[in-house]
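The same chain A turns up in both complexes below, where it pairs with chain B and then with chain C.
Now for the complex of A and B:
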């Protein structure tokens, strides 16, 4: 009614000014898919976990935390996942520092991408042969006189540990390498010009710049190791020391058909992951954060 | 570089290479064991088998119905690749070109399925799929595999699209190209290299995706890697060589695609998502 004002622009134009136009809508199908197949199942699982068979609200969680066969899986999984992740990281850092200067990086990175691509199931089958009592590894150990009896390397904690190193180390290494190559070499050269030795350059220049990347690498490596499933069954002792939390969740869902308890275990698993990841990232925040490139040329 | 290095540094370098060498030798020996065993007549308590034969491949082919398994595997994998391209690339384009309210939340939505391990969300997802009747079917397996595949395509494609100059699209518009012609003649050729890399990575990852397929597959919708798991799990029922022959078939199907993929992508891209090619 008020002619003095210019009429408000059409809805479409106002939305476009906010960045919502036809192009933005292209994001919708993918977003809906993830909501339907990831967010909804997760929320449904959370809801289901509070509706156990016995009708109480916290029945599943009470059951989980009172049965050592169930709550013990958290400790067993952490006891596998944390040492493996730290070991992989400790191995990956020095090797990545060496490889960074190599010209034929691609050959090495290609070899290391093999176990990741082949996957845990194939690694498990290979390890059963190779690390078994009659396998080449034990033959070599005995021929070299390092041990008189075959080492017991499969169907126990060691077997799962080795398999997590075989698939986890290349993953960690490639991630560290990609973070390391993202650091501008100019910074290191500047330190070298000013007379810093290798150790000092590592300690004062590269390591602080690498710490944020290492934090992320630790989290991703840990998440993978914590969710270990096929190798814990095939290479471990799934009823004993390598009864990891994903085995407990799988058994509840597909052997006892108690989806409610299985969902509760999956939620506990997600919570433990969240706690560790948040802890790792807050440690990371204590260190330097900022650009890893040089200033003006 | 320096002309003479101190002894400690040389010892350190040697140690690094010895550890790397040890890892690689064992890796190859482990793969070699599987291949050797699959061609062995009888292999007990010796370095090498008593004799060589190819018969295990024939028996594995029959026992595990490998032709059916391979068909199912490729149907699942190609459906996942096609659907994740169809959903992921447009979404990546929108996220790369537009700033809109709630963009952070949308990005988080696509990041989470890559951070949360498949076993954790696979169990609630399998529950939902079984309740809706999709559990155990091919559609269910494809749907489950899309959860990590679509975000992966999006996160690989975003930096790739960002580096394409928007002025090119504007120029095409100025010269009167319709959206369709803009897409076919301008965007598609520019996006092709990045899309190819992203989709090949999805392909390799889906062939090897064990957990999600394992949790959602029924008897008729098993892929090769799940069947391999069951074979190893029930070891003792069948000859080791037969399982190993199947493992070699699985290895070959994965490796062929890996070699194709490596022509287009850097191995570090197999684990990291967004690494711009060259700037």
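Now for the complex of A and C:
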């Protein structure tokens, strides 16, 4: 009828066909916030790191990688963050398996969420008392005759390690638990009817379906642990074995007032994080990543 | 153990029971199945049929009773030691494994050598006609294909007992009819026991050699499809088997093989099958058997639907009772009809007052 003179569709319709309509505007506040709070500071820091006090372009990076007191912090931070993240995961998996079958999960999760809400500083203060030379822990150990001298558990690597486990474990555990409960329990039952015992069900069914979630959990836990600062200062030996990379950045910025160097250190930190996260996620890509249910619902 | 289970003769349930807290989901299940039989557990949802199946599979511990394969007590074994094949309602295919690996999982767990396993997997794939899909993941298959994989996975381990939990309920009507025939064909080829849970009496009747009708956690009747269709033992079995009309009345006369009852002034005749406890009875009639006749129950038509070969209607009868009937011609809403059924098609049960 009117097909000979069909006018081209209006601009609004053409945009809508590309996925742009009025609803897209709802993204705007969030996008602005991200630009203002993340993209701009990041780009500014990147720019700043290439404008050191001495005027050269790569001066900061040359300085960082030629001074063992600075580049050594990468190794020290990794030596804390990687074992802590792996240990948290290894602890979280069996506990999540047990808790999955419990009735009063809510009480337990509440207890576990507490360290997250308390924050690292409160946990550090508590640990200083509890694990200190005159703390309950050492008194108990000595009263029981397990050791004649107090164990040195704070102001060293061990102190920071313990505090990272305390603050990082609940987070890791809750993520693992939610990934685990996302696996349809009927799959395990099916494996059982086919003759798979508990260990085989874990290895062939649950673990492969859990790996993608473990990858994400590892990344998030690692990023948290890598940026450790308060507990490394309060519970560690900030001049020695727990001189982590964030301490180096802090000193550059607020003790030497060298914002340019501090930015460069932050950039190095970001790069290390990026490398580890990309590596973890590419391992994850080798596994099945679809829905963990057994068929049409 | 597994070898002795393969050459078994019968499966026996003795006083099987299961409670969930204070709820008796399964009260006292006792029956036995001979090798080669196809048995359907039939009942409305919540009647305990899936609970029974899960207890037999070993996925749910029993509260009471025992399960036997010949002289071997098996209810004390875990699911992984029973070696039964189970087809789950939502198929429960392993989403990260190919069709071939899914089907081969049971053989791998049993440690069957690779070459033999390969042959058996190929045979199972051929049985369910999935040769072209073996390398796909379950998520890439249609519902009917997933169903076939689930069946192949259950039968490849050559189980003494194949358990199916409403396996066709997620398929569309046409596919359901096709798969029914497939399941029957596969069962005949296996020569083992198939225990099939369903709430669909058509499905149970067309598939099973024997049907176990359950309600409220108890067995109400066990019999062949013909038994259940023609001679339901109780009123609720009758209702479940399609006797939708339940008409209350009082006995006025009993002869050798018929019983006459009075329904609001009209007399209807039915089969006499047993002694009655009182005079208050209920007549059960299928809608297909209740048709317009020169005399019978007077009713007012409320709905009349076209069903292809005939019309199906509902009408308000004496005392406001709802009657479902069939008719060869279209009746208008509000028409007055008289409905009657052949006495051999009318079953009479003790009524509520008895």
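The rule is short, and it goes like this: the second predicted complex is superposed on the first by the 288 of 297 C-alpha atoms of A that agree within 3 Å, B and C clash if a C-alpha of one lies under 4 Å from a C-alpha of the other, contacts with A are read in each partner's own complex, and residues count from 1 in each chain.
Note that in this section contacts are C-beta pairs under 8 Å (C-beta built on N, C-alpha and C of every residue); 3 or more make two chains touch, one makes a residue touch a chain.
Please read all numbers here as calculations on a predicted model, not as lab measurements.
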Fit or clash for chain B plus chain C once both are placed on chain A? fit
Given the touch rule stated above, what does A:112 touch, chain B (first), chain C (second), both, or neither? first
Given the touch rule stated above, what does A:209 touch, chain B (first), chain C (second), both, or neither? second
Partner, of chain C and chain B, that touches more residues belonging to chain A: B
Which partner does A:142 contact after superposing on A: first (chain B), second (chain C), both, neither? neither
Per the contact definition in the header, classify A:35: touching chain B only (first), chain C only (second), both, or neither. first
Give one of first, second, both or neither to describe whether A:226 is in contact with chain B, with chain C, with both, or with none. first
Contact-wise, after the overlay, does A:151 reach chain B, chain C, both or neither (first, second, both, neither)? neither
Let me test your reading of the model: by the given contact rule, A:78 touches which partner, first (chain B), second (chain C), both or neither? neither
Given the touch rule stated above, what does A:123 touch, chain B (first), chain C (second), both, or neither? first
Minimum C-alpha spacing, chains overlaid - chain B and chain C, in Å: 6
Quick check on the output: what are the common chain A residues between the chain B footprint and the chain C footprint? none
Residues of chain B touching chain A in the complex: 9, 12-13, 16-17, 19-20, 23-24, 26-27, 29-34, 37, 44-45, 47, 87-88, 90-91, 93-95, 97-101, 106, 109-110, 112-113, 115-121, 123-128, 130, 143-144, 146-147, 150-151, 154, 204, 208, 210-211, 214-215, 225, 228-229, 232-233, 235, 240, 243-244, 247, 250-251, 254-255, 258, 262, 266-268, 270-272, 275
Residue ranges of chain A touching chain C (in the complex, touch as defined): 184, 186-187, 189-197, 200, 204-205, 208-209, 287-288, 290-297
For chain C, which residues count as touching chain A in their complex? 57-59, 78-86, 88, 90-96, 105-106, 109-110, 137-139, 143, 146, 150, 153-154, 157, 163, 170
Residue ranges of chain A touching chain B (in the complex, touch as defined): 18-21, 23-31, 33-35, 37-42, 44-45, 48, 91, 94-95, 98, 106, 108-131, 134-137, 139, 166, 169-171, 174-175, 177-178, 198, 219-220, 223-224, 226-227, 229-230, 233-234, 246, 249-250, 253-254, 259, 262-263, 265-266, 269-270, 273
